[in-house]
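Next, two complexes with chain A in common: one pairs it with chain B, the other with chain C.
Up next, the complex of A and B:
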């Protein structure tokens, strides 16, 4: 199974026209020219495709791709351990 | 109010006849209809349209365009870039505060609206794009041009349905005459070929039902016309005061010499059969331009190919201008692009003046005997044009008439 980081990279490439060569774990959305509206849209796509709801206040264009992947993983873990 | 002369110094055109002024104009002058069966409309009561061929948002606009722009914005950005380049202007060096943007648009991002509505019904509200609103609001087309060209002067959209593009140009001219702006990017953009919108027009009975022979469906002023064919596109003009344009050595393609705007105040969609307000708009525009009816050599008509419009328009043109002007409707070739139509037609009128060439109206096999205009058909007509009229009428009864003159 692909890691959440790889999944996120694929979403950015396929859905947000980001150049795959530009993406690395430490790069921020801002560096990829993704502003706050793009980040909110990314959360919509994540919710639709990955069935994970991330609150829009918890993500920002200054987040790195790695941190966003960790946040999604943590949310999945929290949801699966919920009663 | 200043009476400063306003010049057209740049043009951009994206239509069913092609991407770019040269391609579009060549096809329009050939007089061959671009209407086709449209696979995107398959199964609907009317499935023919005039869409822009070979338009690639990624190539013509930018890598992320499809993510953030509805098609009406994409078509308009492409036309505006061509217009600014052809005017010989460099937005990196102009004073953006003196540059205005006035764009006509009747509908806005209707394809985005439909797509997202379907998504909400099928997958729930959480699946609706966060970019829905910025993609659908009609004023965003002017907003994007402001961002694209660093134009920070007055920036807005005019909505007078199928007259929107002409209304925008007339309004933009006033910003220059009032010295609010030194440069205005104006015109119109529309992309209304979506299943819901096409069906809406079909339900009104406004569209041609020649589904089996789409290339003959749009036939303005022909005796067998039965409705319009929906199109899409954008026409953009760069306008400046003539003195400024001359001072910087710019090409002056034509002057926007007159403008008349009126309302029928009669019916939601049907033209006033008496045509009082259309006549008044024509006379106002001529008076504004300081020319008489006999001076008009060419009319780029609204000519939608609907029975009602063409009859009412022809009666008004005959009454005010007489039988003299060479009349054409480019909608025979490119269909009716709604809010963009008046702007596309203004661009064509400028080109007709530039080239001394009136394009033929496609599909006029037998001119309606009730219409006594000199409708140019089959072949383009070469003639010197000093004064031309481009008239546009919108649902809602809004009429906008431009008088364009040779520089």
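Up next, the complex of A and C:
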């Protein structure tokens, strides 16, 4: 199974026309010129494509892609372990 | 034994729209806001919008659209007029009686519906109710807004998005099995989100507060990020509910007419519903977000352009302040071009 980081990278490339060569660990959404509206749009796409429930504040433009992936994974794990 | 007659229904029989004369391109706004055509376009999909002339009001745009809708329906009059608007001519009275009188229809039932960008769908639902309850046989439903009257010209998150305009449809009594029959509907609201899309001052809450409001509160405000998040989800859930009630699958939809909020919302909504983006009807690039007017304006432009054709299965969906949302379906009927 692909990691959430890889999933986000693929969505950025396939759905947001980000150049794969620009993406590396540690880069922020802001570095990719993605503002808060683009980030929330990415979260909408994550939610609809992966069929998971996440929070609209799961990531902000100053987060790295790695950090966003961690926060999304934590929410999915919390939801699946809920009674 | 004969089959039971099909149920009474509201049937679309005419459509028209109206834009004010002054077209405002992105360059004009970009210069003031320190922005650019490219910035506006990439964030919204909008290239231009229209602003009403000084000395005019929402009712003038509504009348322009209504006259064209009546001509398209071949009707001289109706029994009732419903005006969906966020920007009435005055806080009191409603705008619909003024529209009726300007149309030469003084005496007919006339009232406003306030559901912001979902207003046209709510108006369509109440008009359908008037017809199905046999209160009226012919109803004019108008979505009309002049957001230029409430926009903060220095707020670049809203001032580039909204434009003025009006769209109108004529409904007549018919049967549920005819092309043009409207419904079923899905409608909903969440007042917990009232601060996301709002004009804070001018209503009873502010007037009874005993506090003089800061001037900025007389302008329209929108929390863009939260609205984007809510809009895609509410419209996709509502669309699915209306499709379920109609017994349609997303793949049955020939044309998706979504409130023209933001091109990126439209595209993500289509993806979420599994409806191909080439089935999305849109004119946001040319007119911006015209609030209550956007759905009938988009339908009329598509009808005139020949991209909405008789027999097309059409899904209408909207999301707006309130929060409010709603969806309905129809099979596009034969309608005369005017």
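Heads up, the rule we're going with is that the second predicted complex is superposed on the first by the 82 of 83 C-alpha atoms of A that agree within 3 Å, B and C clash if a C-alpha of one lies under 4 Å from a C-alpha of the other, contacts with A are read in each partner's own complex, and residues count from 1 in each chain.
Please note the rule applied: a residue touches a chain if its C-beta (ideal position, glycine included) is under 8 Å from a C-beta of that chain, and two chains touch if they have at least 3 such contacts.
The structure presented is a predicted model; accordingly, all values stated were derived computationally and were not measured.
Once the complexes are laid over each other on chain A, chain B and chain C cannot both fit and instead clash. Shared-chain residue A:9: touches no atom of chain B or chain C. In the superposition on chain A, A:41 makes contact with both chain B and chain C. By the touch criterion defined above, A:53 reaches chain B but does not reach chain C. Once chain A of one complex is fitted onto chain A of the other, the partner contacts of A:17 are limited to chain B, with no touch recorded for chain C.
By the touch criterion defined above, A:71 reaches neither chain B nor chain C. Clashing C-alpha atoms between chain C and chain B turn up only in stretch 26-34, chosen from 8-16, 26-34, 134-142 or 206-214, once the structures are aligned on chain A. Chain A residues in contact with chain B (one complex) as well as with chain C (other complex) are 37, 40-41, 43-44, 47-48. By the touch criterion stated above, chain A contacts chain B in their complex at residues 15-17, 37-38, 40-41, 43-44, 47-48, 53.
Contact residues on chain A toward chain C in their complex (touch as defined above): 35-37, 40-41, 43-45, 47-48, 56.
Partner chain A is touched in their complex by these residues of chain B: 58, 63-64, 66-67, 123, 126-131, 134. Of all residues in chain C, those touching chain A in their complex are 43, 224-226, 228-229, 232-233, 236, 264, 268, 271-272.
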